Amino acid sequence: MENNVLKLEHCTMQFGGVVAVDDFSMEVNEHEIVALIGPNGAGKTTAFNFVTGVYEPTNGKVFFHNELMVANHPAGKMKKLYKGDPDQICEKVVRKTPDQITKMGIARTFQNIRLFKALTVFENVLIAKHMHAKSGLLKTAMHLNYKEEIKMRKEAMELLEMQNLAAYRNDIASSLPYGQQRHLEIARALATNPTLLLLDEPAAGMNPQETDELAAFIKKTKEDFNLTVFLIEHHMDLVMGISDRIYVLDFGKMIAHGLPADIQNNDRVIQAYLGVEENA
Amino acid sequence: MKKFASLFVLVVVFAAMLTGFAYAADDEITIGVFEPVTGENGGGGFQEVLGVRYANEVYPTVEVGGKTFNIKLFEVDNKSDKTEAVTAAQNLVSQGVKAVVGSYGSGVSIAAGEIFAEAEIPAMGASCTNPQVTLGNDYYFRVAFLDPFQGTVMANYAFQNGAKTAAVITQLGDDYSSGLGSFFVTAFTKLAGEGSVVSQEQFQTNQTDFKAILTNVKAANPDVIFAPSSIATAPLIIKQARELGITAKIMGGDTWENVTIIENAGADAEGIVLSTFFDEADPATDEAKKFVPGFKEYLVKNNQPDVIPAVSALGYDAYLAILTAIKNADSVDSIAIRDALVTTEFNGVTGQISFDENGDAVKQLAVIKTVEDGAFKFLQTVTVTE
Amino acid sequence: MKKSTKTLFNIIAVSIILAMLIFLELNKRKYSYDISIIERSIIYAVAAVAMNLTNGFTGLFSLGQAGFMAIGAYTVAILTIPVEARAGVFYVTGMNEFLSKIELPFIPALLLGGFFAAVLAGLIGIPVLRLKSDYLAIATLGFSEIIRSIIASPQLNMITNGSYGLKKIPRFPSIFVPMILCSLCILIIVMLINSSYGRAFKAIREDETAAEAMGINLFRHKLTSFMISSFFTGIAGGLLASYMGTIDSGTFKITLTYDILLIMVLGGMGSVTGSILGSFLVTAGREWLRFFDQPLTLGSWQVPLFRTGFRMVVFSILLMIVVLFYSKGLMGSKEFSWEGLLGFFKNLFTRKQKLNGGVSNGK
Amino acid sequence: MSLATFLQHCLTGISLGGAYALIAIGYTMVYGILRLINFAHGDLFMIAGYLMIFTLADFPWYIAIPIVLIGTVVIGIVIERLAYKPLRSAPRMSIMISAIGVSLLLQNLATYLFTALPRGYPEIPYLKRIYQFGPLSASFVTFLTPILTMALVFLMVMMINKTKIGMAMRAVSKDYETAEIMGIKINSVVSFTFAIGSLLAGIGSILYFTDRMSVNPFSGSLPGLKCFVAAVLGGIGSIPGAMIGGFILGIGETFLVALGFSTFSDAFTFILLIVMLLVKPTGLFGEKATEKV
């Protein structure tokens, strides 16, 4: 058996007659940083969201640590409309909601930062600890779980200190500067104790200097927490700088995958990105 | 805009501070008026209040122990709502009222009854007709007749006028309507035999479409329809029944004696029959003879139509009952007034009134009226002795 | 502020309240009006705090308060009316054989009322809470109407006494009973809000998608919040039954829900102390504004507008003003603190100075 | 149940359903655009009823009807401008609370101005003439309501699909921000939506009250709630859906009462809602919307 953390098999997404992702397969190995790139509308967000549980693929499977996490096949009206390979239709249907996926050890961030805006920085991180709490509702409500509560608070505080956010702990999340909000969102994701971290365009809206800092930060975090990272991103320099491997999507189809250096020189990728790589 | 808003709040606060500082002088006694002037029964309640106010204007003082006391009315609005009624009743208690008059609508009276009993303040119901108001409550009295009596009266009237079958329409969640309806059913079944009530229908509070119910009634083809209901719903039932081509006689209870019904139901109101407490064309007592012209004038002064609603007459009588009891007791102590009420007997506007062991007015007589040419017309009196 | 000073302040505040309550209790008759306002306020406060738990803290728009209160109230009423008084109460059809023999003490009946309310909340919540929460508003609003018409239905005459309502419900023996019970309820809700579950609720309110990504099961937490809120709403209903002594289905109209909603909005969504404050202001204010309904003459000038019904108009305008201009309510999502109170007075003082200065400079 | 009774019930149900449909359209349009349950819509309908009482006292019907319709539209737009527009960027719950506030205000204002006693609705000539078909008996308005409703729905669908403002409305309902970027004047689209909704409420009010003959300050609240349910049943945002939903409710309710379950006629509406949400949350004609993450 292969030792991959995440694996997508023959994933297809069809909205009505439009194929957004076409028979996409990929894997992310332990302790790797893997990026999924592609021009706008290539279907990378859709593919990403198979893993987060936001979308169900029309057909295909997703494995996490070799455990079947998501599986679906065309049903109802889609049976007729389905344009994919009929041989690859998967039999089982497995659905996991985003919270179940998080509990399995996959944490994520969002493209447009989604912090709990009106809560403090500390509360934002502390909330992520809730799912690991074992005390029942009654015990928690009566504050009889104080040992657990103290432990949760301690862990959250440690995390903030590691991320250099301890100074802001009583500030309201939305009052932080943009870059810090990104950090906080990653810190919050880490608080769920994940083994796989999903980053949805982490450098969106950042200037080059901030992007560089972010790249270093992601690498360091990966080492510190012994993580595997899967990200989708626009910024080529970030992707090229940190990724171990890269997958490229265009019009729903995978057009290339390999090491950053190979991708940079791949003609099809350059074509697809025409003009974009000059920015990078 | 925000400034205006703040200003508005300030004005409200200021206005609130300006008012509400009234103290009772020691030659004054206060009688509480516990009536709905808003809400579902706001209209009827107001008419009752007018009767009480007029009575107070006619008899503003009472002599007790050789000293003349001014009678001051303290009005609270129970908003036809039981929750509000509790607070309103407590308000009367803490105002130190010696006795209470009210209320239109039995529900609020029942809700307040316990409070008056706890505070040992006698209450005189005017037009609340549900037996539960006075039952088991030593402090609640009333000048009106009761629903069982009224239901029997209407059943008798219908039967005597040749009705063999009847349909009954009542309002869900309304003790007046449901109670009166069920008393009618009992009485009519006794008179006309099992199965003579051919259709029993219920409708929801605030319902405005009665066609489905009435279609069922039409299918059952009764001789009369008894539909005790509030002034709000009665015209709707009457008009929609006529629209569906129902020709049966439509009858109602005491609430129907209100010009609003004639105004709203128009020509369709012709021929409806109702029971009531009072007939201005046929004053039963000297008090009534005095009351009719005086109150008509008072109504006009208050921009009301000059037709005397029975509830106003009852409001007047309720005030009179308290007044007489104070005189008889020769005391302004509320417990003494209560004890005096038990034996009080007087000639009111709606006839001679005395109270039985439950505190209910002993009345064997009800007035049956109909609508003719857009006005209420006296039809007959019905006497029932059980 | 030092912790010891705060404790001192708290002790002083609690003793003042206690002293006031004892004074009222001793002069029951004279202050029965005030007592009844306080009792009603504190009962509404429980309902408003419970509503705040779903609406203010979890971000679910539930409008079923009247329905859940009806469940609690009827449970308490049916189970606590003294057995010997029941024949008189169920004077039309008599009471169900089985039920007519069961009489429970107040507290167990109250808990049972809350329990039934929570179970019903679960039954509505399970289909509806999986969907967008807008539907919850309309489903709960509809539900409370259903409950009302079922309670009033003649088919249930033997249990709820249908249209005739219930009376002879034992009333509170003293003001301390509702006071203690209500404080306890509010305390439990506050403790819940400050626990790990409370944080999860707030996370859902802030951002459902992000909360889900934090491993929070949306459906389960929403349902939990909704059911707990309904439990306490049921309890508030039970207390209301005992406060009123008589209830019927008309007591639990939609206006009751709107009253609670107004209290919550006025106090500030997401603030428990705001709800309590709002409850006292609204309940007392409602009585206080009664003068709007009486004709008012200043000197010989008859003030126009003042007549029956004006109070409710003023009341609804006040609600609109709060919603439109002070959308945070009195407390926003903050809680009462002594610092806040001191700050408020300080602010008031300095702002006045500023205002004075501003006027002179401006001219 | 005899055939005549059955047909009579059908007639009642269809007519009631038609009036429900007209109000439901107002809900569905406003919800489609602002995602707002306009709790005040039912009360606007009530206010339109009062307007008619007062205008018909002074004017002949052919002048009174336009005055009432224009008046209702103006009030509808004013409500939107004063109570909803300032809150457009506020949390959704605030704007719904504002709607409840407006509803309360209209009810209390009506109680204050016109008292709680019901007022007789004036008879508009022709509408109230009673026709007899064998055992069936109904007034002209009973027949007119469903026909007029269907005609108006047809017009509305045409307008939404064929006109420029209709396209703008569809755009705003699909994506508010993008529509704004594309140069659509959100404010005028919203106002226009309220105007149309109010106009239909005004027409519905004339039909409904002519049939029921009296108005009180609360006569709008329950029909209002039910019509929102009708809109949900049909699929919120869909105009033909709202019409179908209205008819289902009207007919269903009438037959429930006819069969002697009047206790549950209101409950029926909401049970239908819950069942619908369980089986097909998007309603009969609704489209599934996926949230963008």
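Just so it is clear, A, B, C and D label the chains in written order, and each chain counts residues from 1 on its own.
Assume contacts are C-beta pairs under 8 Å (C-beta built on N, C-alpha and C of every residue); 3 or more make two chains touch, one makes a residue touch a chain.
What you see is a predicted model; the values in this text were computed from it and never measured.
Asks: Counting only C-beta pairs in contact, which pair of chains has the most of them?
Replies: By contact count, the leading interface is B-C.
Asks: Looking at CA centres, what chain is most distant from chain A?
Replies: Comparing chain centres, B lies farthest from chain A.
Asks: At what distance in angstrom does the C-alpha mean of chain D lie from that of chain A?
Replies: 46
Asks: Take the average of all CA coordinates in chain B, do the same for chain C, and state the distance between these two points in whole angstrom.
Replies: About 33 Å, centre to centre.
Asks: So which stretches of chain D touch two or more other chains?
Replies: 111, 115-116, 221-222, 263, 266, 293
Asks: By the touch rule stated above, which residues of chain C touch at least two different other chains?
Replies: Chain C, residues with two or more chain partners: 149, 152-154, 209, 308-309, 312, 317, 324.
Asks: Quick one: which residues in chain A touch 2 or more of the other chains?
Replies: Within chain A, residues 52, 54, 110 contact more than one other chain.
Asks: Can you list the chain C residues touching chain A in their complex?
Replies: 188, 191-192, 194-197, 199-200, 202-203, 206-207, 209-218, 224, 333
Asks: Would you tell me which residues of chain C are touching chain D in their complex?
Replies: The touching residues are 55, 59, 61, 124, 127-128, 131, 134-135, 137-139, 141-143, 145-146, 149-150, 152-155, 209, 254, 258, 261, 265, 269, 307-310, 312-313, 315-317, 319-320, 323-324, 327.
Asks: Of all residues in chain D, which touch chain B in the complex?
Replies: 1-2, 5, 8-9, 12-13, 16, 111, 115-120, 130, 132, 137-139, 211-214, 216, 218-219, 221-222, 253-255, 257-258, 260, 262-263, 265-266
Asks: Would you tell me which residues of chain B are touching chain C in their complex?
Replies: 1-2, 5, 8-9, 12, 15-16, 18-20, 37-38, 42, 46, 75-77, 81-83, 86-87, 90-91, 93-96, 107, 110-111, 113-115, 118-119, 131-132, 135-136, 170-175, 177-179, 182, 202, 204-205
Asks: Help me check something: in the complex, which residues belonging to chain B touch chain D?
Replies: 38-40, 42-43, 172, 201-204, 206-209, 211-213, 215-216, 218-219, 231-232, 235-236, 239-240, 243-245, 260, 263-266
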